[in-house]
Amino acid sequence: MSAEAAVKYVTETPESEKERVAAWINTEEYKELNFKREALVIAPPHTCQPLGAELVAHAFEGSLPFVHGSQGCASYYRSTLNRHFREPAPAVSDSMTEDGAVFGGQNNLHEGLENAIAIYKPKMVSIFTSCMPEIIGDDLVAFLKNARNKGIIPEGMPVPFANTPSFNGSHIHGYDAMLLSILQTLTEGKKVEGRCTGKINLIPGFDANTGNFREYKRLFAEFGVPATILGDISDVFDVPCDGTYHTYPGGTKLDDAADSINGKATLSVGPYSATKTFAWLKDNYSGKHAAIPMPLGIAKTDEFIKKISELSGKPVPESIKNERGRAVDAMTDSHQYMHGKKFALYGDPDQLLGYVSFLLEMGAIPYHILCSKGSKKVEKEIQALLDSSMYGKGCKIYMGKDLWHMRSLIMTDPVDAMIGDTHGKFACRDAGIPLFRFGFPIFDRVNKHRYPIIGYQGVINMVTEICNKFIDIKDETCEDRFFEMMR
Amino acid sequence: MSAEAAVKYVTETPESEKERVAAWINTEEYKELNFKREALVIAPPHTCQPLGAELVAHAFEGSLPFVHGSQGCASYYRSTLNRHFREPAPAVSDSMTEDGAVFGGQNNLHEGLENAIAIYKPKMVSIFTSCMPEIIGDDLVAFLKNARNKGIIPEGMPVPFANTPSFNGSHIHGYDAMLLSILQTLTEGKKVEGRCTGKINLIPGFDANTGNFREYKRLFAEFGVPATILGDISDVFDVPCDGTYHTYPGGTKLDDAADSINGKATLSVGPYSATKTFAWLKDNYSGKHAAIPMPLGIAKTDEFIKKISELSGKPVPESIKNERGRAVDAMTDSHQYMHGKKFALYGDPDQLLGYVSFLLEMGAIPYHILCSKGSKKVEKEIQALLDSSMYGKGCKIYMGKDLWHMRSLIMTDPVDAMIGDTHGKFACRDAGIPLFRFGFPIFDRVNKHRYPIIGYQGVINMVTEICNKFIDIKDETCEDRFFEMMR
Amino acid sequence: MSHPIKTIPGITKESTEELIAKTLEVYPEKAKKKRAPHLGANDQASGSACVKSNKKTVPGVMSARGCAYAGAKGVVWGPIRDMVHVSHGPVGCGWYSWGTRRNLMTGKLGVDQFAMQFTSDFQEKDIVYGGDKKLKQLLTEAKELFPLAKGISVLSECPVGLIGDDINSAAKQSAKELDLPIIPCNCEGFRGVSQSLGHHISNDTIRDHIIGTREFSEPETPYDISLIGDYNIGGDVWSAKALLEEIGLNVKSVWTGDGELEKIAATHTVKLNLIHCYRSMNYMCKVMEEKFGIPWLEFNFFGPTKIRESLRSIGERFDQTIQDKVEQVIAKYDPIMQAIVDEYRPRLEGKKVMLLVGGLRPRHTIGAYEDLGMECVGSGYEFAHTDDYDRTAPEMPDATVVYDDPSEYEFEKFAHALKPDLIGSGIKEKYVFQKMGIPFRQMHSWDYSGPYHGYQGFSVFARDIDMAVNSPTWKLVESPF
Amino acid sequence: MSHPIKTIPGITKESTEELIAKTLEVYPEKAKKKRAPHLGANDQASGSACVKSNKKTVPGVMSARGCAYAGAKGVVWGPIRDMVHVSHGPVGCGWYSWGTRRNLMTGKLGVDQFAMQFTSDFQEKDIVYGGDKKLKQLLTEAKELFPLAKGISVLSECPVGLIGDDINSAAKQSAKELDLPIIPCNCEGFRGVSQSLGHHISNDTIRDHIIGTREFSEPETPYDISLIGDYNIGGDVWSAKALLEEIGLNVKSVWTGDGELEKIAATHTVKLNLIHCYRSMNYMCKVMEEKFGIPWLEFNFFGPTKIRESLRSIGERFDQTIQDKVEQVIAKYDPIMQAIVDEYRPRLEGKKVMLLVGGLRPRHTIGAYEDLGMECVGSGYEFAHTDDYDRTAPEMPDATVVYDDPSEYEFEKFAHALKPDLIGSGIKEKYVFQKMGIPFRQMHSWDYSGPYHGYQGFSVFARDIDMAVNSPTWKLVESPF
């Protein structure tokens, strides 16, 4: 209870004061104060590891994501995926509570496994942790060994697990950790000397665009190159509505994943969100290995296509050359709508690099580049891109900053548009600029995840969305006398 | 020179008078006056026959569209196609002038053919007429016979021709006439008793969406059914930019078109824009024949898919069933953004029927339906669709009306959005509603013709564009307190 | 109020119990034993719970439940608009609960309204060395950057409690230094069995830190009330408050939708606490009753029937002036509501609905569905207690299935058997049932619509329910191939 | 003005003539003979045309030309904002020319500005029975529906002339009945060899029906001028007019971009006609000179060099006041223009441009490119006459290729040989060259940008040219595979 003595009355902030502050938060002075922050983080556009772990845990055939930790965590992850994909995201938790802190989480884990396996009949249970077990130091290796010994885990059922502490890294690192564990588990003992599947394994990294996955597959098919997408969400989070519900509607086949260790080659296009996985693969997988940037924009897609050609030994098919030409056609035809336009952008490193590359290709200016959870390496790589183009001049990179910093940037040094996820919408509204939702999550528009942004088709999709929005704005904001038939 | 006596001064219309009239043109009274018009046509959303003829004349391998008439006509048609597709549209005319009226157009035609064939090296010259030769009564049959006799037309070169008077029908009828002549010319003498190509011939009708053509081809490929698209513009008006220019970058192969008369079946999905062609085909082509609606929306796409299955004798592949399910998923997931929304729509009959069907499927209301150049049959068919759904109640069809009528409709009885072509933008601006550009031509946005609106993928494209625009509007127009993360 | 016994053709105690038994067949023995008491056939006449509740979730069954933090941040604290709410711990919890509950707010973001995510973004080193120092620094930074914030809440996430940080003393010290109310709330997610404990802890924190610290400067009136347990989802508060004002009451404070800290702090001076969501805020009503002698009354603002009943019950607590106004208001809205019913009821008559929501709507909305001619064939809560289920019994038709914290599997099986025309539940369930071709509305978030409270809300509710049930898209689900 | 002789390394009279000869190789003899005189190497020193022009287009060669109707509707009449312009005949002509020329207008569409398409939409029966009756009825309807229209133009399409309709008498009768200027214009598309005759016919119609029918109510001043041959593409008139006003002139009327009928009708009272597009409106300047003694002056508002020269020439026609203002204005804008040149010239220096446009820009814009450091390696017109080519000779570098009404084939071959860094032409050419990876700007429509006239226009022009030439997208055209 409060110890106040004298009566304190309810106060109202005067309107004038509100107006003063409303103006002040848009100033350079405020920006400086804002950038001085060291402890408070406001609206960071990244989340914790387990979210990424759950995404990839859904991405394998019959795999049930299993949160070792509090059930509330699981509900949060699931809801996020539900909202973004507008799809189910079946996952369980072992509902640890206070007594877990005292006794450890083994009982919960065992009971949870027993129930989940009985009820949801997975082919694989993919376990990852939220905060509690990480802090109390649960020994998952031992717990799972005990579970096997007790017969809780059926013979032969793979149960990968990943430590994904929320107080470390971000969703992309959780993705990496879970993927690594899944592949380690599934490929264990599957390496066969002399065997080659003839396939290319693709590691897409953290990517919540099902259209991208379909596009990767289409491109491999166009090449006539058999491929295994390691962590394929396309049929998991883009499921037909036909009157039936399936708990496990898709995902990379477990046999294919197991056999991926005997692949002809393994290609990572998520260098920053599958780093550890790729490092492990390089030492353990047969065939060639390559990690290249996510194929966003023409140059990076060229690199991707060349790499498939190189790894598969097949020439680039005419159809893909034509696709490239059509994408370039879309760009030359509409460069004037983007040329010189300034963008603010933020997101995960892999995507961010792609956005920057694409914007520079269009003669647009990636002016404020913000990465809330990046590394020096990312920063250097982005800077190198900026330095490679005259349109990169004057652009600045902000590592480890958040969307409240971004707001200060765009209010004091305006841009024409932002690229990001739904969370950027508030700053964009204040700045009066459009937000291009290419990132994750997208909670407030439909079907965005069905349209690829990778590959040449992705270029067309981005060009179309961005240019037409700028034309929309012109049509909506111009005086009558400038309202015209043609644009 | 004017015969006025007294000095007349330059006058200025008072602002108050302008305001009065500006308000008046939005009234019911004005609407009534407007609908009384009998002679003046204002902003009709259809154009003349030759435009359609030129579209399909481009759609065959090595075919050079050739306007018999004034060169100005040719420039107008070409510019329209250039603007819509943002692609070249190489076509010639024989530049008839005044003396044509006196001497007839044979000299122009012959000289034009000689030059065009020498310079542009076509495999086929597809001739259609503009007003002048139609009025002076040029006898193309005779002119062309003479040209062959004089050796102007190389042996074996097909030279179809169509009478496409601008004072009759509209672009869809010109399309029909030219297509008919091309097929008649190419298939002449090619019918072989007992031969069957095993292919389905598809007649798409007047359709200026290259994405639709690619989608038709993809669906046939998915089925594993060989098909010949009769009038395939996909590689003609969606050409890679790779540093080279080709006069004839694509189109239906002439051999395929010639052999189409021996097809397994012929399917028309442009019943209103290939009517005569289909009627002729039915009597002359081998195999089965069917004319069904353009596959817009789920039900009409179902009909299309069923028909392919029936005509080919192949079951509907799983992949297409899944596509259907994904489209339905997109619809169930986002029905709330369109449900109950009122639309004004206009366009060619085939498209209009599809829009109405699709909107009703979404629970949206196709409220004002305007067809500037329709028939009683179209009207009845639209009415039947409206009668089939509770969301069709109160919707009205306006045949033979124009966009100035449409303006009165939406100003006096408002709707939430319009579906049409670029020409609707002025009325939409006045009404403060969005225009969904699914029609032809689209002069003021990029790449719209690259996104199919037919088939299940087309449904997803329409749902995405429409729903996200409505959400955009909500986000842009709501008070701060209703501006939210989720939609 | 005694209710007539409602029955649903084909649903009997036996059929429901058989359904439950069959559903549990797949479960291992232990889980079956744990789950069985949470599933039951309603005994409408009894007026009391037919299920056990507020127990630990069975591990591994796929529960829809959240945690104490979720209850504290999402429900109680988050909606207070003029405070900075710091999610203290790692980045995730604040990120997930950021903008996802639809508790609307007036004001300008970052100026006098703070619906952003604020986090201390714990890193490994904060776990090792503790986060108190960081907390104090960030409180200073928050005060500097957001000078118009009336206070700061510090909402602990799991690690904070587990590593033994003392946020209470840190908050107390900072509050003094910054001359600002800073409220520490120990709502770590591992506490309790669901969101519910988060509500309780938050109520207690309000009791301990806020209530009684302010008074209204204007004179008291006999009509001063507070609106408790309305979180302004999709604008509910704005609809409900306007209606209460229309019957002549002064709504002095709102808990906590679009709420203001200082008004909440002065609530102890009102004459009556009106509580909509009993589950999340009954604690504070009871405290204010005990400590300040403020009576409280539950009411239900969903659908004209319940609104009418509620307005009259509220009126009874006041004088004739208010009672007259109540009747005027009812007379004014009755025909408007009737028109809505006339429009939609023919399209909804006899349609069946199943519900699974939080702590209020599984019972409170039943009347609104019934106003539209629909019947409820199953209902349950994520985090209710026995007193909630007691209150549910009279509302539900007899022998219908009641489920407490059901697993997704159970919910699916029930729906499969009962073939509802509509399911009202949350985002995690939505797409499961839509895949089956069953119309669905999110009943936590009003599916991005709203308000649903009050007369204004009913018009939106009726439209939305009709839209969901009768959307022609459902007819397309079954493939012709 | 005498010009220094400009040369381009590698381009000689011989090389150009060889290029022309090789290009024509593919042509049949007759066509070759017809086309040859229309292609030539510029003789800069001569100051006179090196090609024949204004001849019938050779059938079948793929010309970019339009027709008389296009010249009348698109250029002369369409831009007059306060008239209803009826495309009389079948639907197409009006439809194609609807909104496609970018002659911007002030006012409200359908109220005091009429940029819609108006057509009599001829049907078979109109061809058979004639369209005069329909015309009279539609004029009445137009007057009723658009009471603020200051007049109506009736622009004949091909059938009207061919079937022998008498629109002149119909218009005259309706004008009387409706008490409204109704101007019949016999601009059928089959007349003449290009748009050019449409301009001429329209000029004559203005002469016969409009000029002299109004006077300005305000007193005359020595600085009254009219701005002729500016069609307000992308706002050109607004830029040009503001500049002329800045040097102290009163722009009393504009022909015809954003023009007003009655002001045009009163133009015979101005002191000087300033003409930008000589080709399309020299006729009326000459008429006004003969009939009303109004002198006229050609000028060029593209690029600072030509603007400066033009302002001084204009100044010379007025007193010291104006001449002083001219110098002030030049002094004001010179540094601004220099800044633009400094920004873009380094990126454009030495870049080659080829042009093919209408009747003005193939010569008038050369200076603007040169201001940016670029050089013109080929130029030609769709519909120019000898006097245009005479005026072109001194502007073009010596020996560069000049082409009159070139076929697409010729233009392509020239571009292939000359490898320009930019082509400025029309929509029909744009995508042909872009496929080849050659940067392109539409120079009829400013490629949906503008204005390009005046100082304001140069900043836009420079930005656009830089954007086109230096867009990084061109680097992507060549495939790495």
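Chains here go by letter, A, B, C and D, matching the order in which they are written, and residues are numbered from 1 within each.
The definition used in the following text is that a residue touches a chain if its C-beta (ideal position, glycine included) is under 8 Å from a C-beta of that chain, and two chains touch if they have at least 3 such contacts.
Everything quoted here is computed from the prediction, not taken from an experiment.
Student: What is the minimum number of touch steps required to go from chain C to chain D?
Tutor: The least step count works out to 2.
Student: Taking each chain's centre as the mean of its Cα atoms, which chain lies farthest from chain B?
Tutor: Between chain B and the rest, the longest centre separation is with C.
Student: Using Cα averages as centroids, what's the distance between chain A and chain D in whole Å?
Tutor: Roughly 53 Å, centre to centre.
Student: Find the geometric centre of each of chain A and chain C from their Cα atoms only, then give the gap between the two centres in Å, rounded to an integer.
Tutor: Whole-Å distance between the two chain centres: 31.
Student: Roughly how far is chain A from chain B, going centre to centre by Cα mean, in whole Å?
Tutor: Comparing mean C-alpha positions, chain B is 40 Å from chain A.
Student: Mind pulling the residue numbers of chain A that touch at least two other chains?
Tutor: Answer for chain A, listing residues that touch two or more other chains: 83, 86, 239, 241-242, 321, 324-325, 328-329, 332-333, 423, 426, 443, 484-487.
Student: What residues in chain C touch two or more of the other chains?
Tutor: Counting only residues that touch two or more other chains, chain C contributes 98-100, 108-109, 431, 434-435, 437, 477, 479.
Student: Classify the inter-chain contact topology: is it line, ring, star, complete, or other?
Tutor: Contact pattern: none of line, ring, star or complete.
Student: Between which chains does touch occur?
Tutor: All touching pairs, sorted by chain label, are A-B, A-C, A-D, B-C, B-D.
Student: Can you list the residues on chain D that touch chain B in the complex?
Tutor: Where chain D meets chain B, its residues are 26-28, 30-31, 56-70, 86, 89-93, 95-100, 108-112, 116-124, 126-127, 134-135, 137-138, 141-142, 144-145, 147-148, 157-159, 162-163, 189-193, 195, 207-210, 212-217, 260, 262-263, 265-266, 407-409, 412, 426-428, 430-437, 477-479.
Student: Where on chain B is chain D touching in the complex?
Tutor: 1-2, 4, 7-11, 13, 17-18, 21-22, 25, 30, 33-34, 36-44, 46-48, 50-51, 66, 70-73, 75-80, 82-83, 86-98, 100-101, 108-109, 111-120, 130-132, 135-136, 165-168, 170, 239, 241-246, 403-404, 407, 423, 426, 430, 443
Student: Touching chain B in the complex: which residues of chain A?
Tutor: Residues 83, 86, 238-242, 321-326, 328-330, 332-334, 337, 422-423, 425-426, 429, 443-448, 450-451, 460, 463-464, 467-468, 471, 475, 483-487 of chain A touch chain B in their complex.
Student: Flag every residue of chain A that touches chain D in the complex, lowest number first.
Tutor: For this pair, the touching residues of chain A are 298-299, 302, 305-306, 309, 315-316, 320-321, 324-325, 328-329, 331-333, 335-336, 339-340, 360-363, 389-391, 480-482, 484-487.
Student: Residues of chain C touching chain B in their complex?
Tutor: 98-100, 102, 104-109, 235, 431, 434-435, 437, 445, 447-449, 463-464, 467-468, 470-474, 476-477, 479-481
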